[in-house]
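Two complexes come next, and they have one chain in common, chain A, joined by chain B in the first and chain C in the second.
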Partner chain A sequence: MARISIDDDVRRNDAIEKASGLARYASDYFFPDMLYARMLRSKAPRGKIRKIQTPVLPYGYYFISAKDIPENGRNALHMISEDWRCFADGDVRYVGETIGLFVGPERSVLESLERNTYVEIEEEEPAISIDDAINVKGGPILEKDDVFCQLYCQKGRDMDEVFGEADKIIEETFETGFQEHVHLETNGAVITKEGEKYVLYISCQCPFYVRKSISIVIGAKDEDIVVRQSTTGGAFGGKEHFPDVLAGPLLVAEYVIGKPIKLIFDRREDMLYSVKRHPSKIWYKSAIKDGKLTGVKGKIYYNAGAYLSSSYVVLQRGVFHANGVYDIPSTYLEGFGMATNTFPSCAFRGFGAPQTLFAIEMHLTHIARRIGVDPVEFKRSMFLKKGSETVTNGHIVENVVLGSMLDDIATASDYWRKSREYGYGSGRGIGMSFYNHGGAFTGNGEQAIIKAHARLKKTGERVTIEVGSTEMGQGFQTTLRKIAAAVLEIPMENVDYPNPDTSVVPDSGPTAASRSTMIVGRLIERCAVEMKERWGEGDFSVEKEYEHPDGHPWDQSTFRGDAYLGYGWGACCVELEVDKRTNEVKVVGIWSSHDIGKAIDEKIVHGQINGGIIQSLGYASMEKMENKNGHFRQESMSDYVIPTSMDFPKQEYFLEDNPYEWGPFGAKGMGELVFNGADAAYVDALERALGVETFKIPLPSEDIEEALRKNGR
Partner chain B sequence: MDEVKCFIPKSLDEALRIRKEFHAKPLAGGSDLMVSYYKGIGIAPVFPFPVMIISNLSDELGTIRKEDDGVHIGALSTPNEIASSMVVPYPVRKAASLMGAPSLRNTATIGGNIGNASPKGDLPQPLILLDAEVVLRSVDGERRMKVDDFILGSKKTALADDEIITGIVIPEVKATHYFYHKIGMRRANAISKLSLSALFDVEDGVVVDFRASSGAAGPKVRRSRDAEEILIGLKLDEVSGKTGEFLSAWNSILSPHAMPEYRRASTRRMLLGFIEEVASGALPGNYE
Partner chain C sequence: MDAEIRFTLNGKSVIFIGNPLRRLVDVLREDFGMLGVKEGCGEGECGACSVIKDGKLVTSCIIPVGSVDGSEIMTIEGLREKEEGKCLIDAFADGGAVQCGFCIPGMVLASYVLLRSNPHPTEDEIRLAISGNICRCTGYDLIVESIMLAAKRGEELWTK
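Coming up: the complex of A and B.
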C-alpha cells in the first residue's frame, strides 16, 4: 500500500462492490416482520376530493393518510418552503399526488387494494403549460395568480435608450421541455425503529434534508429521526428533495404501525410520479449597433408544477446565467416561476442554468448569422473576463481562459475550415457552444444557510471521513478519500468514508450545486492539514466549519453582488450529418474543453464529462416527455428514451489547468457544468445542416420534419 | 389469491396435447408476455389464461436450416441466432440484428414475435416482403399459411386454439438488391417507429421482381402487389418515369391515421432513394 499523491491514477473505491453486486441498495434491506407500502395517488390534476373508499382491509393491512398525522404534526414537507403536502387532503393539485399509503405484508395484495380503491374527485380545469399559467387557466392556483416567485436584475444603461440607439433589434422565444432523470436506481426507502428513534435507510443525495423535511410531519425533533443513506444508484438532482415525498408518508405509517416498512418505486412509478426538469419559455430581445450587441432584455418563465419545492432557487440560477458567458453592456432580465397542475419540477443537473444557457447561445447564434458573422467569432468578441461585471452587478473574480479553450477545440475539430466549407442546408454541420456554471450555492447560501461542517477522525493509522455528503455515482467517496490521503500522505486504503448517518456525521450540507468537491473537499483538506501536523497525538478528531472567502459581497434582498464564488467554464463542439430521407441525425464528432480549476481525479472527471455531454445531447435530441391534461405520456424506458453508447461517438476532451484559490488542490465544481452546453452546440450544428432556424428542444426526427416544413422545405 | 395454471411440457407432442386440452398459451422468451402482464416489483404476473413454458423445446423448435422449399426457421430461434445465420435472407437478418438490446436478442423468439402480432414487431415486416409462411401444428396435423394472412391485425392472428407456431419457412427469393431500414427513437434498443424493406431483382437491365413492405405503418404490415406491378417488367431506364405512379399507389395503401406525415414522408423518400439508386445502375447488394 503506497502513499498517494493527488495526480495518481486510482481505482474507484466502489467499483468492485457495485460491479459484483455486493453494494446494498434500499431494496436490499430486509428486517424481521417487515411490511411493504404502496402509494395511492391522484389520477386527476386538479379537483376536490369527495370520497375515498378503500376495499375492506384484510387483517394486518393499513391505509395511512392525512388523518393519521398526529395533532402536533403538520401535513407539510419542509423543503425550502413548507408548501408540498405529505398527503393530499381535501383537494388534489397534480396527477400522482400522494393521497394515502397502503401498508401490509404482501405486495400483490397492496396492488389489488390500490387498484380497487375508489377515489371520487370533482375535477376542475387544470393549468398545465406555462401559457396556461400566464393566462390563469381554470382560475388562480395561488391567491391571485399562478406566479410562485419572480425576480429581476439589471445591469448597465436604461434599456429604452439602448433599444432607441440600436440599428437592429432581434426578438426570439425559445422553449425547452421536461426532462426525466432516469437514474439507474429508482426511488426507494425503508423505515424502522431503533428504541425511540425512527431510522430511515433511503436512496438520497441529502440525508439532512430528509431529516429536516419530515420531522415536522409528526412533530418530532430532528434528532428523533436518523437518516442513513443507502448506496444510491444515481440521482442527477432527482434525489435532492424528492426522497422526502417517500419519507414523509413512511414516517406517518411507522408512527402508526411501528413495524419496518419498505417502499420501492418501480420504473413506471419513477417515470410517471417523480420530479422533472423545469420546462421553460424564454424570450429575448436584443439591440445591435454597428454589428455589436449592446443590450439584451429577457423574460424567463419556468414551469414549477404544483408546489414550489426548490423552484425559486432554480429560477434565480436560471436568471443569473441568462447572459451566458458574455459581457453584454446592458441587460434587464426577469424571471417567473409559474405554478401549474403538473408534477412539481425540481432539481436536475444544472439546476435552472441549462435552460437559459441554451436559449442565449441559440439567440446569439441566430443574431450572428443574421448579421453575417461566424457565430463563434461573434461570441468570442464578448467573452467575460476577470473583472467583468455580472448581470447581478458583481464581478468575475477569476482568470477566464475561454479563448484558449475555444482554440483547443477549434483546432482539434478543424472548426474554422468546416464552418466555412459546410454549406447552410448541406446535410452536414458543425456547431460550438460556450457555457459556465456558478460553483456552490447561489448568493449567500453557503455562509448564511448551510454553514457546512466536516470532520476527520483518526483511529490508530486509519482515518475516517465524517460528512453528510453522499456518493451517488459521481465518484465523491473516491474524490474525498483521495484529497484526505494526499494531504495526509497515507495510502487511500487507510481512509474510510462510509455512507453518512445523520446521528454520526456533522451536516456538511446537501450533495448538490456542484459544491461537494469545492466546499466539502476544501473542508476535508483543511481538516487533513491540521491532522497531519498533529499526527503523533494518538486518536483524535478534527472538525472544521465553512469560512467564506473575503470579497464576495451579496445582498439577497436585491440580488446584487457576487452570485457565485467562482465559475466552471466550458466549450463544446459537435459535428453531425443528417439523413435527408429520414431526418435521422448522426453525430460524428464531439470535442470539449473545461476549466474546472483542477481535476482531483482525471478518470472520474472524464466520466462526468462523457456522461454530462451525452445527457445534454439526449435532452436536445431525443428525450421527449409530454404532458397531456396533467398526465405524462411517457411511462417507460422504451417510450422515454435516453442515449445509448451506440448513439454518440467517442469524445475528445481537454482540461484547462487554472487552479482556484479556495478549492482543494485548486479544484472547482464540475458535475453540472458538463451538462450545461452540448445541447446548444448540437442544435447549432443541426441548424447549419438543415438550413433552418429552430426554437425548441428536444428535436427528434418528427420535429425536424416540422421545422423543415415550416420553412417551406 | 389469483392463480395461474402453468405447464412445462417436455416434448412438442406433450405441448400439443396441453394446447388441445387447456388452450395454454405458449410462453417462450417471455419478452412480450411478462412485460404485458407486469404488475410491480415483487408481484408475480397473473395471466388471465393458462400458459405453458416451451423454452426448453429448442431441440425440436430451435433450428435454422435450408431445405428444398426454402429456409426453415424454428419458432424458438432467437434474434441473435437469426441475425448470425447466413442462410437467412438479408432483410430478416438485419431486422433481427436491430431488435432490442443483446439480452433481448438472446431471449425473444421469432415464434413469439409473430404470435404477438404487434404492429411494431420487427420480424413480420421483412418476412411478409419475402412471402414467408408460418407453420402451425396441432395434434391433428400441420398447416401452413402466409405470414401476411396469419396476422389479421394488431395483436390478432389466425392461430387456432389448439395450434402452436412451430416455425417459419422463407421460400427461395431471387433478388439482386435488398433494402432494409428501421427508424427507432435512438440507434439501438429502440422500438420501431417505422421500418421499410424492399427488393429488386434485375436481369439484363429489366426489373424481374420488385417488392416493398412497410412496418409500424398501421395495424398490419403494408404491402401491395398491385403497386409493385407498376415497376415490374420495366427496363431500368423506364423506372424513373414510373416512380411517381408507384409512389402514389403506395401512398394510397398507407393508413393516414397510423402514418402521420413524418413517417409517410420518410417512407416515401426512402423508397424513392432506393428505386432511383437501382434505376441508375447501382451494384447488386444490400442497402439501408
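Coming up: the complex of A and C.
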C-alpha cells in the first residue's frame, strides 16, 4: 500500500461493494418482527377533510394519523421553518399529502386497507399553475394571497433612465417545467428502537436535517433520535428535505407501536408523490444602446407548491444567478415564490439556478440574433471577471477564465465554422452556453446558519473521518478520504469514512449546495494538517469548525454583499441534427469545459460532468412532467422518460486548473454546476437547426411541432 | 394456491413453495436473500432488477416466479463468484462506472450477456446492449468505457 498524492488515479472505495451487490440500501434492511408501512394520501388538491373511514383493521394492523401525535409533539416537520405538516389534519393542500400510515405485517393487506379506505373531502378550487397563483385562483392559499416569499436586488442606475436611453428594448417570457429526480433508488426508510432511542436507517442526503425535522413531532430531544444513513442510490436534491416526509410519520408509528417498521416507496409513489424541481416563469426586459446591453429587468416566479420547505432559498439562488455569467451594467431582479396546490417543489441539483440561467442564456441569444451579432461573441464581450460587481452589489472574488474555456470548446467542436455553415433552419445546429454556480450556502449562511464541524480520529495507524456529510453517488467518501490521505501522506486504504450516524459524528452541515468538497473538504484538510504535525502523539482526535474568510460582508435582510465566495464556471457546446419530418432530434456532439478550481479526483469529476450534462439534456428535451388539476400525469418510467445509453453520444470535456484560495488543494464545488448549462446549449442548437425561437423547456418532439407552428412554419 | 417451483439459482438447485404469481424479484430478495437484485421501477423499464434466465437478460420485476420452473437463474451473487464477474466488477471500479451503484449489478449482468455473445463489441453495440438498463448518475460514458476495458482485459475469458 502506497502513500497517496492528490493527483493519483484511485478506485472509489465503494465501487466493488456496489458493483458486487453487497451494498445495503434502505430496502435491504430486515429486522425480526418487522412491519411494513403504506401511506394513505390525499386524492384531492385542496379541500376540507370531512371523514376518514378505514376498513376494520385486522389484528396486528394499525392506522396512524395526526391524532396519534402525542400532546407534547407538534404536527410539523421542521425543514427550514415548521410549515410542512407531518399528517394532513382538517384539510388537504395537495394531491399526495400524507393523511395517515397503515402499518402491519403483510404488504398486500396494507394495500387493500389503503384502497378500501374512504376519505370524504369537500373539494375547493385549487391553484395549480404560477398564473393561477398570481390570480389567487380559488381564494388565497396563504393569509391574503399566494405569495410565499419574495425578494429583489438592484445594481447600477435607475432602470427608468436606462430604458429611456435605450435604442432597442426586448422583452421575453420563458417557462421551465417540473423535473423529477428519478434517483434509481426510490425513497425509503426503516425505523426501529434501540433501548429508549429511535433509530432510523434512511436513504438521505442530510441525516442531521432528518433528526431536527422530526424530533418535534413526538416532542423528543434531538439526541433521542439516531439517524443512520443507508447507502443512498442517488438523490440529486430529492433526498435533501423530502426524507423527512417519510421519517415523521414513521416516527409517530414507532412511538405508538414500538416494532421495526419499513416504508419503501414503489416507483409509482416516488413519481407521483415526491418533490420536483420548481417550474418557473421568467420575464426579462432588456435595454440595448449602440449594440450593447445596458440593463436588464427581471421578474422570476417559481412554483413552490403547497408548502414552503426550501423554496425561499431556492428562489434566492435563482435571483442571484439571473444575470448569468455576465456583467450587465444595471439590473433590477425580483423573485416570487408562489404557493399552489401542487406537490411541494424542493431541492434539485442546481437549486433554482438552472431556471434563470436557462432563461438569461436564451434571452441573450435572442437579443444577439435580433441585433445581428453572433450570440457567442455577444456573450463573450460581457463575461464577468475578478472584481466585477454582482447583482447583489458584491464582487467576484476569483479569476474568471471563461474566455479560454470558450476557446477550448470552440476549437474542439469546430464551432465557428459550423456556426457559419449551418446557419438558421438547415436542420443542423450548433449551440453554446455559459454558466456558473455559487459554491456553498448563500451569503454568510455557512457561518451564521451551519457552523460546520468535522473531525478526524486517529487509532493506531488508521484514521477515521467523522462528518455528517453523505455519499449519495457523487463520490464524496472517496474525495474526502483522498484529501485526508494526501495531507497525511498515508495510503488511502488506511482512512475510513463510514456512512454517518448522528449519534457518533459532528454535524458538518447538509450534503447540498455543492458545499461538501469546498467546505467540509477544507475542514478535513485542516484537521489533517494538525494531525500530521502531532502524528507521534498516539491515539487522538482533531475537530475543526468552519471559519469564514474576512472581508466578505453579507446582509441577509437586504441581500446585499458577496452572495458566494467562489463560483464554479462552465461552458458547453451541443451539436445536433433534426429530422424535419418527424422533429426527431439527434445530438451528435457534446463538448464542455469547467473551472472547478481543482479536481480532487479527475475520474469522479469526469463522471459528474457526464451525468450532470445528460440530466440537463433530459430536462431540455424529453423529461416532461405535467400536472392536471393537481395530479401529475406521468406516473412511471415509461411515461416520464429519462435518457438511456442510446440517446446522447460520448462527451468530450476540458477542465481548467485555476486553484481556489479557500478550497482544499484549491478545489471548489462542482456537483450542481455541471447541470446548469447544457439545456441552453441544446436549445440554442435546436433553434438554429429549425430556424425558430422557442421560450420553454422541455421541448419533446410534439412541442417542437408547436414551436414551428407559432413561428409560422 | 401454493405451487412447487424448482429452478437453479446461481448453480444450486432450489425449491420455492408458495404463490407462483409472486414476482421473481421479491422471491429472490426475500426468500433467497439475493439483495443484489434491486427494484427500480417495478415495470421492466429500468433494468435494476436484471437477472440472467437461461442465458438471457430478463427483468425480474415483471416475471412471476412460476415461469422460472426448470430454468437456470443467475444473479449478481452468482456472477461475482465467476472469473468473468470479477473481471467486469474490477473494470467497472477502475473505469469509474460506479456512482450511486443502484443500477450497477444489473449493468454488470447486461455486460456479461453482451460479452459472452460478442467479445469485441463496438461502442454502439455496447450502448445498445445496456439500453434497457437506466442509470441516472453517470451519463453512461464511463460505463461504456468500463465494458470496453473488461472486454480487453478479459480477452480469453470471453472467447473461451
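One rule holds in what follows: the second predicted complex is superposed on the first by the 713 of 713 C-alpha atoms of A that agree within 3 Å, B and C clash if a C-alpha of one lies under 4 Å from a C-alpha of the other, contacts with A are read in each partner's own complex, and residues count from 1 in each chain.
In this section, contacts are C-beta pairs under 8 Å (C-beta built on N, C-alpha and C of every residue); 3 or more make two chains touch, one makes a residue touch a chain.
Everything numeric here is computed off the predicted structure, so don't read it as measured data.
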item	value
First, second, both or neither for A:705, with chain B first and chain C second	first
Which of chain B and chain C A:232 touches, first, second, both or neither	second
Touching partner for A:584 - first (chain B), second (chain C), both, neither	first
Chain C versus chain B, contacts on chain A by residue	C
First (chain B), second (chain C), both or neither touched by A:111	first
Which of chain B and chain C A:25 touches, first, second, both or neither	second
Which of chain B and chain C A:266 touches, first, second, both or neither	both
Partner chain(s) touched by A:568 [first = chain B, second = chain C, both, neither]	neither
Contacts of A:156 with chain B and chain C, given as first, second, both or neither	neither
Which of chain B and chain C A:646 touches, first, second, both or neither	both
Set of chain A residues, in rising order, touched by both chain B and chain C	27, 266, 638, 643-646
In the complex with chain A, residue positions of chain B that touch it	1, 39-44, 181, 183, 185-191, 193, 260-262, 265-266, 269-270, 272-273
Residues of chain A that touch chain B when the two form their complex	27, 36, 38, 107-108, 111, 264, 266, 580-584, 622, 638-639, 641, 643-647, 700-702, 705-706, 709
Interface residues, chain C side, partner chain A - complex	34-43, 45-46, 48, 75-77, 80, 88-90, 92-94, 96-105, 108, 123, 126-128, 130-144
Chain C-touching residues of chain A, taken from the complex the two chains share	11-12, 14-25, 27-28, 181-186, 231-236, 266-268, 472-475, 603-604, 606-607, 609-615, 636-638, 642-646, 648, 650-651
